[in-house]
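So, here's a batch of structures to check.
Look at the two complexes coming up: subunit A is in both, with subunit B in one and subunit C in the other.
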Partner chain A sequence: MKKPFYHYITIGIVLLYLLIPLLGTFQYSFATSWHKTILPEGFTIKWYVELFGDLRFLKSLGRSLVMSLGATILTLVIMVPAIFSIVLYAPKLEKMIQSLIVMTYAMPGIILAVGLIRAYSTSGISMVLITIGAYFVGILPYMYQGTRNSLRNINAESLMEAAEILGASRYTAFQKVIVPNIISGILVSSLLSFSILFGEFVLINLLVGGHFETVQIYLFQKLSQSGHIASAIVVCYFLLISILSAIMIKMTRKKKEPV
Partner chain B sequence: MSFLTIENIKKSFDNETVLHSLNLSIKEGEFITLLGPSGCGKSTLLRTIAGLIHQDEGKIHIDGKDVTEVKPKDRQVGMVFQSYALFPNMTVQENIEFGLKMKKLDKETVKQNAAKIVELVELTGKEKSYPRELSGGQQQRVALARSLVTRPKVLLLDEPLSALDAQIRKNLQKQLRSIQQELNMTTILVTHDQEEAMAVSDYVYIMNKGQIAQSGTPHEIYTRPVNEFVARFIGNYNVLTREEVSNLFKGEKNFKNKMYAIRPEAFSEDRILDGYEISGKIQKTSMLGNITRFELEANHVSFIADRLHKIDEDAQKQETKTLYLNRKDVIPLS
Partner chain C sequence: MILKRMNGMFLISIIPFFILVLLFLFVPLFFMLYSSFQGDGGSGFTFKQYLEIFQNTYYHQAFKNSIIISFFSSLIAIGLAVFATYSITLFSKKIQDRILVFANLTANFAGIPLAFAFIVILGNSGLFTLLFKHFGWDLLNSFNLYSWSGLVLIYIYFQLPLAVMLIYPVYQGIQAQWKESAALLGASPLQFWLRIGGPIILPSIAGTFSILFANAMGAYASAFALTGSTYNLVTIRIGALTTGDIFARPELGSAIATLLGVTLVVALLINEWLTRRIRRDLS
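== the complex of A and B ==
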């Protein structure tokens, strides 16, 4: 079937609309100065040199990584076995998980932040830990969906039964049979969760703000100082997310193809 | 001396009784079939024997040991699932070795046992394949090998062949039976296919609504159904009421039971001494491969009669047919 040409035009316009800001940011991060011309007057890598020379940036990058990775791994370790047990052995509890998940969507970030501050600011618990806790809840939907779908795909119930009858304990069966078969699905949800958390700004800014500078807060502050550096940060961030997305796409494809 | 006994097993789900005080006993090396329509409780019974479902009441003994409260992993039973349930992350070899590794046997023993069983189920050369690369029949043989390799005391088969096409199913039935006999493996097969049950088992239990409707050798079950359910379930029996039977065999008055069953192939075209004689109008003739089936009407009673297919079939032209029947082939049902 031949597609009419206006399909291509529409897609072209949408693509341009999406790509121009990125392209602009990309060029701006390499531009010496860019004021009255259509294209930048010259190109330089000095903004990147400056950015990576800034200890504050590297530290904030480290903090972002620790926060996002920490919350993701925590969710992984606690929620995957929990969802597995609920889906297989206590399906009645699944409704509770589902309502928990809906609640995470019903709660706007700003209300969540204010609520958390009011509840915990005087408790003496570090607000960084509180934020990780909030992240944990925030990425629940992705982890839940990913894990549950993977379990359904492999028909986990009969695999467990088969393994148990062959003499495996439930723990061994989970570890040797279930985990290897759902790992790619779980990794995809983890990567997704990680990239969402890595870009999170509202909660971290309100809850801990300047005390604990993450990449997003650093970017926010740089925005008022130098557009070039801010652009360079965005480009780096974008690159990281692209790499993560590429890995995700590759992993989901691999699952479908016969080896 | 029975090898596996089931005493008074009861099970209900959400106030609905699935198994009503079932009793069963199986000798060592016997191949028995639980046959019944879907929802009759046959799979529930099988899963209870495996320990995957816990019964509400009753006891299960295997090889003289009370296993009622034993976990599935320690029951020493093998099970083949309808969905095969092969481990997709493992090769054929690894799937088969899984049970042996769980027993913590040494590497050499694991290898030898696996190799033997691979040969037995004719999967040589496929050891390194993954389950998804195999055909349905091959996958089923892997599932069988995986269950057999640990030498379970009882092998449980939950409709293992129902997802396969007719040709492969027939071949696997034969293979299954010969492997079972070679290993002298006590086996319980669950199926809803009466032909399959007849073809492979030593003994058949027909189940209906959580109870055993009839048990016996395939021959007994087929030739002497005891009630209407069995007669309707195991073949194409003519199931007739007392009035219909009296009408069909005019002059006969001594029918006392409510229902009677007549096998369609029991009708004969040759005269039978001291038998019944019926002349019926042919309503419809159908060719079912090796047999020809006539739908007839006599004295306002419809019935079917089968005859081996003849090459010079002239039945289409005939309008009436005179058939003979042995008296003992009119089976009273309870």
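== the complex of A and C ==
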């Protein structure tokens, strides 16, 4: 069926709108100097060399990784067993989890940050830890969705029954039967959570501030100093979320194939 | 004996979860509400902060700016997405998947990196700014990235992929048979969309709109990266009042945050109400 021309136009507008800022930044990160001319005067990789030679950047990268990875692992360890128990043994509590998720939507970073500052800023607890706790709440919707869907897909209830009839304890059954079966689905939502947290700025900036530089805060500081370096960071950041998405897609496809 | 152990396992698995939710969702919510009813410096019980928001035109302006920018960016994004997403559904599954992956990817591209990407193309010495200057076009004279017009463009950018992803499943609900039946009975495509397709998808579109609106109302990082604390938006005011060194008035910030939260709850309730309507209509 031949499609009318305007269908190409509508998609084209959306794709161009989403692509142009990315392409512009990409070009700028490789430009030697670009102030008066339409096209950059030359191309170079020196901004990337400079960026990865900057200890401050490497440290901020390390902090970002520790924060996002730490929060994701914490969420994995605590949330997956809890959601497993609730979905299988207390389905009535699921309604409550769904209300919690709506609550997190109604309390985006800026609102959550105000509450956390009021509650904990004078408590003496490290605000970095508080931020990780806030991240736990922030990624709750994605982890819940991912875990619940995986449990449904593998028909967890009958798997547990079978394992228990064969003499496995509930913990062994969970660890040896359920976890290996849902791990790929859970990894997908973990990667999603990780990439969301890696781009998080609001909570870390308001709760901890500039003296604990993550990549996002480093980028924010660089905005006013060097546009080229800032665009190199943006390109690297976009590359990272692209790689993570590619892995997620691969894993989702693999999971679907055997069925 | 066995039952007891099961209960123990059950409790061990859910208790840490609920403790964390309590500590990082309910406790901050409570403290925010509590301090919104306190005077400056945390004294007594008072409605003073709320009264000030209702009386001070500066905060009216903040709410007005946030609402207008959220409304228009959601409207434009949804307008584009309704047509583009329909066009997408006409292509092969492979192309549909690719476009959705790209939408998903750009949906994650928000906040500081996004604000910077717009500075590169439309800032004071941005790519398009230079290009238009070269051709002597005055188009950009009336445009300023660091004000309303620039913020709307950025907001549209992060709303657009979200709108496409939320509307895509809506079109999957329109069955090919309906179109065929309507065509057999002599309806033109336009008539189909006006009389049948449109009314079916309208509640979902309106629901998506309220989600986009809530999403934009709560956005902070892009505007902050672009204008610091100068542009008067609700979220920017909250940030400045809560953490600003000189002008910190956390109690007032809490009251504004509470009002913003109420706005978001209303938007989400509207979405839920609309979603329920669709389900009833279809069953």
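Methods note: the second predicted complex is superposed on the first by the 258 of 259 C-alpha atoms of A that agree within 3 Å, B and C clash if a C-alpha of one lies under 4 Å from a C-alpha of the other, contacts with A are read in each partner's own complex, and residues count from 1 in each chain.
Criterion: a residue touches a chain if its C-beta (ideal position, glycine included) is under 8 Å from a C-beta of that chain, and two chains touch if they have at least 3 such contacts.
All values reported here derive from a predicted model rather than from experimental measurement.
Undergrad: Putting subunit B and subunit C on the same copy of subunit A, do they fit or clash?
TA: fit
Undergrad: Should A:226 be classified as contacting the first partner (subunit B), the second (subunit C), both, or neither?
TA: neither
Undergrad: In the overlaid three-chain picture, which partner chain does A:181 touch, first (subunit B) or second (subunit C), both, or neither?
TA: In the superposition, A:181 touches subunit B alone.
Undergrad: Look at the residues of subunit A and decide whether subunit B or subunit C touches more of them.
TA: Looking at subunit B versus subunit C, the one contacting more residues of subunit A is C.
Undergrad: Using the superposition on chain A described above, determine whether A:10 touches subunit B (first), subunit C (second), both, or neither.
TA: Only subunit C; A:10 stays clear of subunit B.
Undergrad: When the two structures are overlaid on chain A, which partner does A:159 contact: first (subunit B), second (subunit C), both, or neither?
TA: Touch partner of A:159: subunit B, not subunit C.
Undergrad: Who does A:149 touch here: subunit B (first), subunit C (second), both, or neither?
TA: A:149: touches no partner chain.
Undergrad: State whether A:172 touches subunit B only (first), subunit C only (second), both chains, or neither.
TA: Only subunit B; A:172 stays clear of subunit C.
Undergrad: State whether A:99 touches subunit B only (first), subunit C only (second), both chains, or neither.
TA: neither
Undergrad: Note down the smallest distance between any C-alpha of subunit B and any C-alpha of subunit C in the overlay, whole angstrom.
TA: Between subunit B and subunit C, the shortest C-alpha distance works out to 6 Å.
Undergrad: Once the complexes are superposed, what residues of subunit A are shared between the subunit B interface and the subunit C interface?
TA: 169
Undergrad: Within their complex, state which residues of subunit A touch subunit C.
TA: Within the complex, subunit A contacts subunit C at residues 1, 3, 6-8, 10-11, 13-15, 17-18, 20-22, 24-25, 27-28, 34-38, 78-79, 81-86, 89-90, 93, 100, 102-120, 130, 133-134, 136-137, 140, 169-171, 195-196, 199-202, 206, 209, 216, 219-220, 223, 227, 230-231, 233-234, 237-238, 241-242, 245, 249.
Undergrad: So in the complex, which bits of subunit C are touching subunit A?
TA: It is residues 5-6, 9-10, 13-14, 16-18, 20-21, 23-25, 27-32, 34-35, 80-81, 83-84, 86-88, 90-91, 99, 101-106, 108-121, 125-127, 130-131, 134, 156-157, 160-161, 164, 214, 218-221, 225, 235, 238-239, 242-243, 250, 253-254, 257, 260-261, 264-265, 268 of subunit C that touch subunit A.
Undergrad: Where on subunit A is subunit B touching in the complex?
TA: Residue positions touching the partner: 154-155, 158-159, 161-169, 172, 176-177, 180-181, 258-259.
Undergrad: Within the complex, which stretch of subunit B touches subunit A?
TA: It comes out as residues 50-52, 71-75, 77-79, 81, 83, 85-89, 98-99, 102-103, 130, 132-133, 146-147, 150.
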